[in-house]
Amino acid sequence: MNVIKEWKTLLIPYEQAVEELKVKFKAIRNQYRELNEYSPIEFAMGRVKKISSIIEKAERRSIPMEQLEEQMEDIAGIRIMCQFVDDIYEVVNLIRERSGKDFTVLYEKDYIKNPKDSGYKSYHIIIKYPVQTALGTKEILAELQIRTLAMNFWATIEHSLNYKYKSHIPDGIIERLKNSAIAATRLDEEMMEISREVVNAQLMFEEKSNT
Amino acid sequence: MNVIKEWKTLLIPYEQAVEELKVKFKAIRNQYRELNEYSPIEFAMGRVKKISSIIEKAERRSIPMEQLEEQMEDIAGIRIMCQFVDDIYEVVNLIRERSGKDFTVLYEKDYIKNPKDSGYKSYHIIIKYPVQTALGTKEILAELQIRTLAMNFWATIEHSLNYKYKSHIPDGIIERLKNSAIAATRLDEEMMEISREVVNAQLMFEEKSNT
Amino acid sequence: MNVIKEWKTLLIPYEQAVEELKVKFKAIRNQYRELNEYSPIEFAMGRVKKISSIIEKAERRSIPMEQLEEQMEDIAGIRIMCQFVDDIYEVVNLIRERSGKDFTVLYEKDYIKNPKDSGYKSYHIIIKYPVQTALGTKEILAELQIRTLAMNFWATIEHSLNYKYKSHIPDGIIERLKNSAIAATRLDEEMMEISREVVNAQLMFEEKSNT
Amino acid sequence: MNVIKEWKTLLIPYEQAVEELKVKFKAIRNQYRELNEYSPIEFAMGRVKKISSIIEKAERRSIPMEQLEEQMEDIAGIRIMCQFVDDIYEVVNLIRERSGKDFTVLYEKDYIKNPKDSGYKSYHIIIKYPVQTALGTKEILAELQIRTLAMNFWATIEHSLNYKYKSHIPDGIIERLKNSAIAATRLDEEMMEISREVVNAQLMFEEKSNT
């Protein structure tokens, strides 16, 4: 078996898992809307890590290739976006309640209450997910990242800069990134102030649109 | 709870199941292609039965509304299309092997070896499928229909006519439908004659396209 | 012709136009990426105004139904999201250069340099767009809204509140909305500070991903 | 500019054109359905020719690379599927009527009245289509193939075999292909016999589904 086929064989269950998990989290939002209830999920998206990024991360963390499946938790990644910070914790509860059914929660990291030094904020949950593929049954790890739209905007920018500077961002830019993280948090706080008003408004809106 | 909300609550798990099953069967095809192997599945599609059709069928078969979930097997329907008749039986095997994993096979009906009087041909498998929704866990029934492209063409036409004549198609048209069923079977037989050649050809094609 | 059919006949060209314009603006982004150049468009989406909203707006502005097509400019709406404020003006230039080709620019409103009292910011361009449908040829009006992610977040929230309070938002909430508009602008300013760094970073990223 | 970028620059307008034309032909079908009228288009799909196939065809036909855009008509290809043979000619009329509006018909080839020796049947129309891309304005050629489902089934099989045998299919298989072409034509004829019944039935079906 050549290298390309080996990579394909490795990644097929992850691609399958990402497709299934996207359907599952997008459905939650649609179901709330159909029932005229406020959805804590604004939208969901997913991706399988690029081969080049897997290799790079494996080298950086000294993960041997044959232990990728046990030690790299974000080959399959699902991102769930929320309107308000409070919604994030509601989504976390939804996910916890589902543990033991179609997936199992392994552990959680709350980078909102404990942001990274860089300013990075998000709630991470690592799950174990069983998939059936043309190659048979497999249990894979997946990372769920739950964040507000402002946190996501900031994280996308930071990701680009980390890539550019190979994780050695110059001090001046690190300073600016921290300032923008503060501005993003400030926006989330202001939004939280009017969130209760908005949640009710959006419910009324859904109801009317259905008629 | 009003009637519309009751129907929505009933159908949400079926909609979710159809979305998930579509992803699963489409993935099988993509996985074979990625691995440069011939896929017995040409494509897959799905639908939830319309409310008006559910009511009509319930009346016709005297199914009380509160027993819909146990007695109506095709509220969730998945259609799997194959190039050749032999592929159908390969797909049936794939599905049987998966029973007890992400779904359970309840029973099968082989309308290819035993076509209906009308001329209808297809292989049906009824499965039990567990879904998680915003409303909790649920096990639903789903019908998998596996057929060739020619069988599908014919079945679509017959479905339209049955609808038009409320299942009382005039004799003259019944006769013509039978003739076209014979023509469809003849096409499938001719295609089977060259199928082995084609399967190899398509494998070569996939391989080259990847380079 | 009944009322439902009349509405359908009115809206079909708008639906068609929105589909075509979405394809066109999404394509611009993909083309920049394929050529390893920075795309000023982050993503694009579109919608046709709901019938209930058209009626409501027609009443509010005293537009007679038979003048809808000439006087209501946002029945077809396209929203173009940018990472940075500067990108908005680059997109505006792209659109101006295309005037007279597949569409014609009628006029522009710069609510970024001149925000509305509420705090609303966006750049609007009204275009005339020719469509061919099953019903024949038609020239329709469409509104292009170009904004940053932070402007969009804020505008979505304001829209919900306007809906809830039928455009009579209580003073206390108006105050809070203004505060959050300031926070959104602050985030956009901080992001602009690092935008040049990010643009270069994203270009490098694209280039590597392609190999 | 390297070779990969040259190919990308060549193909971007074709990709754009295929996306736009797919939207346009799919819309026709949806519009008929919305208006409760029978649609002669069953579905539409499109593709840009693979680079390897372009090179191969250019060599086979001695087309110099710098004349690709004028001499190769099927780099952009749209396939329109119909239920019945009569529908094909209705679609042809629709396309002719649109000439001079969003595209221009250059010429037509009726391989249904005059099938190829191999048994191949389809109606081809070559059009000139103007596109706007990030690279500017361009007029490209596109091939529209209009066929029934049975013609398409056969053509897909023949394409695979031609690929396998590099256009030198052994005599025995050529014979079998011809037999299956006859079976496909027979199926289309039988279907035509009941087509008027079906068209009416599908109209009634649409109408009821909308209520």
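Going in written order, the chains are labelled A, B, C and D, and every chain counts its residues from 1.
Please note the rule applied: a contact is a pair of C-beta atoms (placed from the backbone, for glycine too) under 8 Å apart; a residue touches a chain by one contact, two chains touch by 3 or more.
Here the structure is a predicted model, which means the values were calculated and not measured.
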| item | value |
| --- | --- |
| Numbering shared by both copies at the chain C-chain A contact, with half separating same from different | same |
| Distance from chain D to chain A - Cα centre to Cα centre, in angstrom | 41 |
| CA centroid of chain A to CA centroid of chain C, Å | 27 |
| Chain centre separation (chain C, chain D; CA means) in Å | 34 |
| Residue numbers of chain D (touch at least two other chains) | none |
| Chain-to-chain touches, reported pairwise for every pair that qualifies | A-B, A-C, B-D, C-D |
| Complex contact set, residues of chain A against chain B | 5, 8-9, 12, 15-16, 19-20, 23-24, 27-28, 31-32, 34-35, 37, 98, 101-102, 130, 132-135, 137 |
| Complex contacts: residues of chain A adjacent to chain C | 50, 52, 83, 149-150, 153, 157, 160-161, 163-165, 173, 176-177, 179-180, 182-184, 186-187, 189-191, 193-194, 197-198, 200-202, 204-205, 208-209, 211 |
